[in-house]
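In the two assemblies presented below, chain A is common to both, partnered first by chain B and then by chain C.
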Partner chain A sequence: MLTLPIINLFSLPLILGTMITMSSSSWLMAWMGLEMNLMGFIPLISTHSNKRASEASLKYFLIQTIASSTFLFSFLLSSSFSIIQFTMMTPWMIPFMVILTLSVKLGAAPFHMWLPTVAEGLSWTNCLILMSWQKMAPLSIISMIFPKNPLIIIIATLSAISGSMGGLNQTSLRKILAFSSISHMAWMLSSMLISKMLWLFYIFIYSIIISSIILCFAPFNMLHINQVSTNQNKKLNSLITINLLSLGGLPPFLGFLPKWLIMFYLLQMNMFLMVSILIISTLINLYYYTRISYSSLLLINSNNKWMKTKTPPLTKQLPLSMISLFGLITSMLTFTLL
Partner chain B sequence: MFWSVYGLWALFLLLMFVMFFSFSLFFIFSDFAVFVEYYLFSMNGCPVEFMMVFDWVSLMFLSFVMLISSVVIFYSEEYMEGDENLNRFCYLVLLFVLSMGLLILSPNLISILLGWDGLGLVSYCLVIYYQNNRSLNAGMITVLSNRIGDVGILIGIVWMLNFGNWNYFSYVLLEDMGSEFYWVGGCVVLAALTKSAQIPFSAWLPAAMAAPTPVSALVHSSTLVTAGVYLLIRLSQYFSVGVFSCVLMFISCMTMFMSGLGANYEMDMKKVIALSTLSQLGVMMLSISFGYWKLAYFHMLTHALFKALLFLCAGSVIHSSGGAQDLRYMGGMIEFSPVVGSCFNLANLSLCGIPFLAGFYSKDLILENVSFFNFNFFIFIFFSVSIGLTACYSFRLFFYIMGRNFFMFFSNFGEGSIVSVSIIFLSFWAVIMGSTLMWILFPIPCFVFVPIFYSVMGVLCVIVGLWMGLILWGVSGSYLFLTGKSVNHFLGLMWFLPWLSSNPLLSKLSLGGYFLSSDLSWGEWMGPQGVFEGMVIGSSIFQWFQDNNLKMYLVSFAIWVIIFTFLMLML
Partner chain C sequence: MKYGIKELKNEVQLWKEEMSEKFQYDPKVYMPDDSEIVWTFDTKEKLNQWVCTSDSDNKDGFSHCDLTLSKNKKGLFSGFLDCRVPKDGQIKESGYCNIRCLRARKSFKRDSFFDWQMFTHLILRIRGDGRSYMLNLTTTGYFDVMWHDIYNYILFTRGGPYWQVAKIPFSKFFLSSKGRIQDKQDPIPLDKITNIGITCAGKTPGPFQLEIDYIGVHFDGNHTEEFAYEMYNVPSFIVGV
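== the complex of A and B ==
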């Protein structure tokens, strides 16, 4: 952590920008928060001074600024109808433009191609920020302004399909997690149709799971799936497996909880086709999560007796993993007791 | 010599022959039959049972099988002398006799499979008895051709499930079973065509001559190949009216003609005899297809005797010339081996149908009855010509083996005592059985009312054939007529039938691997594996979109925005 001051300096606009966007009541302030967030994240990417990081930062910058300027243009267009306040009625073009630009910023389905390539150039920490914190601001704008737009259904469905299909052939862990974040984006966008709380709940749990996974990968420098599948550290393997299954939404784990709620409410709204697409694509996700870890967990079992490996303690990884392991059961118990 | 394994078993089988033959005489004169039924289990009301029928048809055929196998086993003690696996040979032949007995006795389509498959298996083992490549190929073509017939019987079993019972005796009295029942007859005809080596499947019979000669005498002349004929005799009422009898008529007629021609060009002695067997099988099949099953049965019995005798004599020649069986190496048999040679001539003339030998009674009766029947000129001409051809190639064989002088391979010629005794014993039966069987089987003589020309036509055909054989093979002694290379090739190779049943089919058979995998794993491909393949293909399409420049991403964003715009406009 030689670059600690820079991180301290730029994580402030990173956090502050998102908070400004989430609490603003005008288009302009929301846009400004997004820009602050961007300006905070670019230097964080570039702290690792290698070619891939700078390429990733440039790509991220280009995509985000194009999206931001289109966002600016679209609400200026709405201001030409003399409407600047959020709550006013707008013609169909305004939500259309805004949702599309924000989904470019999110990396949702038809505009998702930049996300895996950018993630490939980032460090694990920055990947974590990209996949969790950077989603907050655009999602909050969509949920505050146009939560029940039909365009969201299309984007969510496309995200589910492309997130699951795209990750199937990948061998890079960062790309796999990027595609998985695309398909989780589908669930978050579809939870917009239900309530404003549900996507917050989802992204909270998603952040917990993805942080515990990245906490398992990052200290061991695992960047490709063969590094996981030939890994001999049994405890680490079991933690990775648990968290990946939780990320895929397998029932006894925490990841199932928000998916369960979303499925429940979407079925109450009679959106059977969308729910089945979401579930099936999540199944494919689960397949490639399992493929990461099962060979190390089940197939390869060799211990070199002549080599004493020094197993690092898993004190950092354990608490979050415990949450993702027992979260569903604990929360259900809590609700039952309450 | 009576106390060896071979002698004891030959004695046992001879006693069995006496027993079965006297039973059959008793049954035929008192018009009596015994059915034995072992009820195994019932399947939704369809009884699966092992059934055995003892009537004069089965008992008399069984007694002939016993007689011939007794002679053959006795004979092979000397013929197989010095072989490494003497006992195995003996027990294989006995197993063959056992499965033949099971086949003859059971009139149930399920229980007949026991004997039928036993025949296929044991005959395969006997063909590959000499362990070399040629025997293996011959055995393989034999067993695979017969497998087609087995499948025919299996289909027949499935079809017969419709009628609630697999005893085909149960349906004899039912006049109108509907046209569906003829399909059982069709399946059985298919089985019989393969077993009796009729035209599309005839390649295996000459190939199976790779077996030891006593085996050929027992299996490929008198019993196994007539199993198909026997089955059709038993089931004749099922298809004697339908389209299958017509098919059978043409096929058998063509088989007769083809094998008669082929035998005139063949240079392997055993194969000549095999082709003559084929043509006689054609005679039997033709008779069955006209509905004269009793005549076919008669011919089957007499043919069994004289053809086994012919094979045994040929075996004697082969044995004493050190295994050579090419006709061009032979000659002067009458000088060195007079007894076996005269028996050989006896069998040969009987095969031609020279009057008052065994073959004459049955064949002439069939010809007269066929000319009594109402049919077209094609069958008539082919049948007569085939009978002439039989005489022709019999004389060819005669000239090649007897007529010419001393030849190289006959230098160590002689007659073994056991071989001679068994041949003389069998030739006794071959002489007397023609007229005896006619008196037994037809207590009231067959009524045939035809003009005098038709009546003597059989004999005329034989005489013309003999004359042709004399001219073609006796006088010139070599190719004189139809010796163009392509004609020779075509006729000598049985109209390319062996090629047809080996090479083109082999490539089709290897398709079986594909069908097998699809049969075993279609669920995989419809289910998990297929979905996975589809997903991987889809994923590679996504990957193709992904592998692009940032500019291309932005252009694609623009295109998507346009698409969404149109979508929203339509909404």
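== the complex of A and C ==
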């Protein structure tokens, strides 16, 4: 159970850890920030008196510690390469190892299998932190050290394909969003080939959209597709649809803006195959997003007159959903006026 | 060698079915009042998917039971419940009979789960003898402390000549581990169910019989209960809960 003292105590290392990593100038401080972030997140996800959450938190802890220790090992090797003459490690292997270990931490393909199972066991709030904030620190290390490594192209392509294909067979909402997060990881990694600021912009927009989606699902305890379809609240269904289409990168919603920028700059760099794979995977993602919401909007559901349930007002959901709806147009207008 | 090749053919066939279902990418989404019959008991092959055990198999008692095909081509779980305690100085109580289905599995003998997340109720069409049976939904976890987690609920039977459809919400099932009801309860993880079983136990010795037509799952759109037992959040300074 997340009581306020626990949130106050452990959210501090969670936030500070990421900020230390993002502002560090040495390998050791970056690693330390990752560890601090992990130490802050683990108590937040394992405080529920629910064996499913404790199983998920244990799996998360094991995977992250293995990745962190391998990351520590790889950068220690890079610093000691000139000292230890008998090592077999050649310089090209060190960025290879660093990027792979950070991909494990991110949940990028081919190391993505833990993300849906862990996300399935967490509460919605912890899912949100896992999918947005926990990505910042490893991505910042990759962008600072090896932004234009060819391995990033391979990982981005694999993430796009596995994120889109994996989510097709899912009916659990958290797993769908986990696979969607893997797919978006592909876009973030490919944006690093362009510039260091673009991935930050992408993750910022992604965090807004995913927060608005989770704000729609969490208060109503929706965990499954058929719970969305049997929901009687028409306004909520509309908001869910808007946010999912925005997440899918469909214009005129906000989610289209970062994808548009990445596509534009990647095409200028003549990376046509990469763009094609990203677009096709996004299309597949859009299919399973619309599958969540179409049944609630289009199919007729019987409304029980004798069962009056009080639905809470949508005051929290509306502002973020309006940003999703009008964000693109507003930002384009602002840009043209400036 | 011949047996191995036959097994390999069966497993490859299972694998092909799995892959074709996987690549259809069309998971079934159930609407309110949809049901799915998971087990029927109309043929001997279907009865072979269930394992019948009693305390005499483990040398814990003298009861015996069997799962056979009744005259009406339904499953008949019957036997004799004997509450006599074997005189070995260790056992205090005795008398249980159980049927349990085989674990859900994928091709090549890989363990799988029954995914019933989209359902809210367990339905059974049964004709009992008035005894109360225990329904067991085993959710074997990944870690060893969770290997013996079973969610239980009592199945009350009427005993008359008429069939009854027992519709039990999953929110009513309570957690027990190795037969002991746990203090810390939580809702059943419906995507991690490995087996379902029915136990006949108690302090009333004598013959018993339970005729089962089908066991299935049902989605009731109006059922909003998450968990029937204490769900309030205990302050974190209270330990052990």
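One rule holds for everything that comes next: the second predicted complex is superposed on the first by the 317 of 338 C-alpha atoms of A that agree within 3 Å, B and C clash if a C-alpha of one lies under 4 Å from a C-alpha of the other, contacts with A are read in each partner's own complex, and residues count from 1 in each chain.
Note that a residue touches a chain if its C-beta (ideal position, glycine included) is under 8 Å from a C-beta of that chain, and two chains touch if they have at least 3 such contacts.
Computed from a prediction, not measured in an experiment: that's the story for all the values here.
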Partner chain(s) touched by A:96 [first = chain B, second = chain C, both, neither]: first
Residue contacts on chain A - larger count, chain B or chain C: C
First, second, both or neither for A:221, with chain B first and chain C second: second
Which of chain B and chain C A:50 touches, first, second, both or neither: second
Touching partner for A:168 - first (chain B), second (chain C), both, neither: both
Chain B versus chain C as contact partner of A:22, first or second or both or neither: neither
First, second, both or neither for A:229, with chain B first and chain C second: second
Touching partner for A:6 - first (chain B), second (chain C), both, neither: second
Partner chain in contact with A:261 - chain B first, chain C second, else both or neither: neither
Overlap of the chain B and chain C footprints on chain A, listed as residue numbers: 59, 168-169
Residue ranges of chain A in contact with chain C within the complex: 1, 3, 5-6, 47, 49-52, 55, 58-59, 120, 168-172, 221, 223-226, 229-230, 291, 295, 299, 301-302, 304, 307, 309
Residue ranges of chain B in contact with chain A within the complex: 535-536, 538-543, 545-546, 548, 550, 553-554, 556-557, 560-561, 564-565, 567-568, 571
Chain B partner contacts - residues on chain A that touch it in the complex: 59, 62-63, 66, 92, 96, 100, 104, 110-111, 113-114, 116-117, 150-151, 154, 162, 165-169, 284
List of chain C residues in touch with chain A within their complex: 22, 25, 27, 29-32, 117-118, 141-143, 146, 149, 184, 186, 189, 191-192, 219, 221-222, 224, 226, 233-236, 241
